[in-house]
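Before I ask anything, here is the structure I am working with.
Each chain carries a letter (A, B, C, D and E) given by its place in the written order, and its residues are counted from 1.
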């Protein structure tokens, strides 16, 4: 599913990743750990195709539309409501039965009540929940999750746990996290950056 | 130090906090917990004076300059370097021996190497570390910490633990967190919002 | 036809955003109206028709610039542009939708400016309207691409006019020419040619501007 | 005197931010030259001196809008404005520093634009310089306050452009008047009065705009 | 490596020989112009420089296209170097042209010559190219942005040319008329030698600068590897 050979990325003169070889097969869960600034987010952005490698190469053999990428930011319009944001993404991803899918997701992540509220006025945890909805909306086959637990309360954490557990085998996952205890039991591979 | 009576806050028609009574004495540590969207950040912003209550009242008998407020965002200029940002805040807070204080803080939080880097290109954890430096810079007597652990790696977490521990008694603390295990042993009061 | 469905979804969102936050259009209206007021005060009553047309074109150009400067403001917060780039739609659809949004704003600004111009200065002929429409197309096409470029840079607000002005000088020439000269067809043709060339170029190269 | 130390620290930061994008001055120069080329192509050769004065004022207004639009851009990201508001300095110091920043920006732009104008169009008289300086003060004072309103989202309802229009048109009319009419003293006096009133108003009310 | 070096040396030698020959021919061999006299000889410098500037911009755009096509990062440096050279030759054109204008028309600048105005527009355009480059962080994104803008440049040249021809109908009438290139045979030969010299100069400067910049990058990498 994902294969990298000699992968490296520099920002200006700063070298963040270097000479990384990687092979993630379909259905695996790769756990990425490492201290702050070690390049976890950079790696996930490379996998998502948002950044291009400056050395080596990386290949993801899935079309863009089958990937879900959860970043540190929510990647939604602050001035639109939760519903409007998901509706936009639903249209762009050509989600079948958009209304129902969105409704179910909002319900599941506890945002149904706030669906008509401006995202800019969401609390941090609510924004993270919305970002999760956005990522899951189109049922991606590859999920790239950058610190999925951040800002979430206990109940939302178990929701993420469920997402990870239910994907087991059917979906490829790459998870970067500072709280690897939740993820480790499910991981089939682990990558520790330094 | 902080006292609230019948405190309430609404945003438009949405009621976030209601009828809250609170008394935090000097040297205490108040732990604030609650699910996403329960109003933890709102409460801390009220204490910091960034928001005004819509009902009841809240009093903090300290001047602005003696308070340190850690928000979800880092409250620093993305286009300036870490050093320049801290220097600005140091000047505004009239920190004595600015240079040395800033240097020591950056060293402590592992940002000394990156001090000349644009904050906008910091990783999330590095931004959180910088935000902690900013908050501690002027040696505040009251620290309002909104999810201080978020985005930090294991080593930085122990740094925050240290900050909490060394404040014991000498400094008043209000900490909102989704990981209360770290904070609970030190807390003298706990407030669970719903 | 999913391409046009994508464009429609994106353009719909732009209109919605503007209705929600009312950031761009009021500024454009303000600018174009005050520009006309200033010109009204500063042009002597016996100034030639050509002079006032030239001023009108300058006012329109800068109004467009003002609108373009904010075209990607909403996308810059929270890195939404990355979200759109990751969606499976063709990236040029993002450009096309933004173009349509800019065109709508320009259209509204001109729907105010042209009658005001007719009121303050002189009647508006069909060739002026045709030239304005054709010029709008070119300005929106090139401008949207350049606005995306400027948004990716550090000095965005300052950069856009610098990138934009040298590229649109031909539009000004065509527009002024079409309204001043007796035989506007040649100039209108030139404007149409400009639109065609640069619309295709912008359409084809937008992908490289928003993705690495 | 800590008040002025605070203002200095804040203004220093604005300059630093400006220098970070390093190319402000060359950008201004380029902008002015590009704008002149555009003017060249849109103005017929027989345009009067008054028309070119009008153009100059429109260019200045546009530059001011550009500068004000980005005045709080850096503060809007990452909620820095809240950080400044929490600092122990008087809030009006934030306004004053930002005003100075905007004035420096405008001053630099005009230091480039006025000589260029003199070179390409007609000599610049003392009354034009006086009018520009007075107008700058007013634009910066009012504009900074309104830009802060737009940036502090809690004051979102108070729409910047809708207020800016009626507030700023007098400045522009005064400025054009001072340069076009034979007896500029009356207009200059009007501009000075305007500056005084609105500077005091803005200085006093800034606190309420940025903090609840 | 040594092959490259050889090529650079050969290019530099050829360019300098041609340059000396061209200047000598222009100064001593070319016939005196009937109505402009000696000052006309600047023509042999001015016009080849102007044409070389266009060649640079074209070469830069070609490399830009290659970059977008193949996504090979090295084309970014090549395209940038070519545009950079173009701007240098552009400044030389402006300077030599202005001197000539001062001598033969008595003014440093006039709006009424279409080549001049066109050149000014292009010059502004490429200044903006530099601004763009300097305000984006180095990396693949900057390469793409610069390449797209450089491509717009070559589209702009013919369009602006057309626009400026059209503008002459309503802006100032053409004050100074010239009859096209009516050169005598010997004049044409000299002109061609000078043009070849300028193009050679460009090629030589271009390879040199590229080699230098590549060396810089290599050095930086080595230093990093040592750390």
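Criterion: contacts are C-beta pairs under 8 Å (C-beta built on N, C-alpha and C of every residue); 3 or more make two chains touch, one makes a residue touch a chain.
This structure is a prediction, so every number in the text was calculated from the model and none was measured.
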Original post:
Between subunit D and subunit E, which partner chains are common?
Top reply: C
Original post:
Fewest touch steps from subunit B to subunit E?
Top reply: 2
Original post:
Any idea which two chains share the most contacting C-beta pairs?
Top reply: C-D
Original post:
If you average the Cα atoms per chain, which one ends up farthest from subunit D?
Top reply: A
Original post:
Compared with subunit E, which chain's mean CA position is the farthest off?
Top reply: B
**OP:** List the centre-to-centre spacing of subunit B and subunit C in whole Å, with centres computed as mean CA coordinates.
**Re:** 45
Original post:
Roughly how far is subunit C from subunit E, going centre to centre by Cα mean, in whole Å?
Top reply: 32
Original post:
Per the centroid of Cα atoms for each chain, what is the distance between subunit A and subunit E, given in Å?
Top reply: 48
Subject >> Contacts with two or more other chains, residues of subunit A listed in rising order >> reply: 11, 51-52
Subject >> Multi-chain contact residues (two or more partners), subunit D >> reply: 20-21, 23, 27, 30, 34, 37, 41, 44, 77
Original post:
Can you list the subunit E residues in contact with two or more other chains?
Top reply: 121, 124, 127-128, 131, 135, 137, 139-140, 167, 170
Original post:
Among the chains present, which pairs are found to touch?
Top reply: A-B, A-C, A-E, B-D, C-D, C-E, D-E
**OP:** Spell out the part of subunit D that touches subunit C in their complex, as residue ranges.
**Re:** 20-21, 23-24, 27-28, 30-31, 34-35, 37-39, 41-44, 46-48, 50-51, 53-55, 57-58, 61-62, 65-66, 69-70, 73, 77, 150, 156, 159-162, 164-165, 168-169, 172-173, 176-177, 180
Subject >> Complex contacts: residues of subunit C adjacent to subunit A >> reply: 2, 5-6, 9-10, 13, 16-17, 20-21, 74, 77-80, 82-89, 211-212
Original post:
In their shared complex, at which residues does subunit E touch subunit C?
Top reply: 68, 121-122, 124-125, 127-128, 131-132, 135-137, 139-141, 144-145, 147-149, 151-152, 155-156, 159-160, 162-164, 166-167, 169-170
**OP:** Flag every residue of subunit D that touches subunit E in the complex, lowest number first.
**Re:** 21-23, 26-27, 30, 33-34, 37, 40-41, 44-45
Subject >> For the subunit B and subunit D complex, residues of the former touching the latter >> reply: 48-52, 63-65, 67, 69, 71, 73-80, 84, 88-89, 91-94, 134
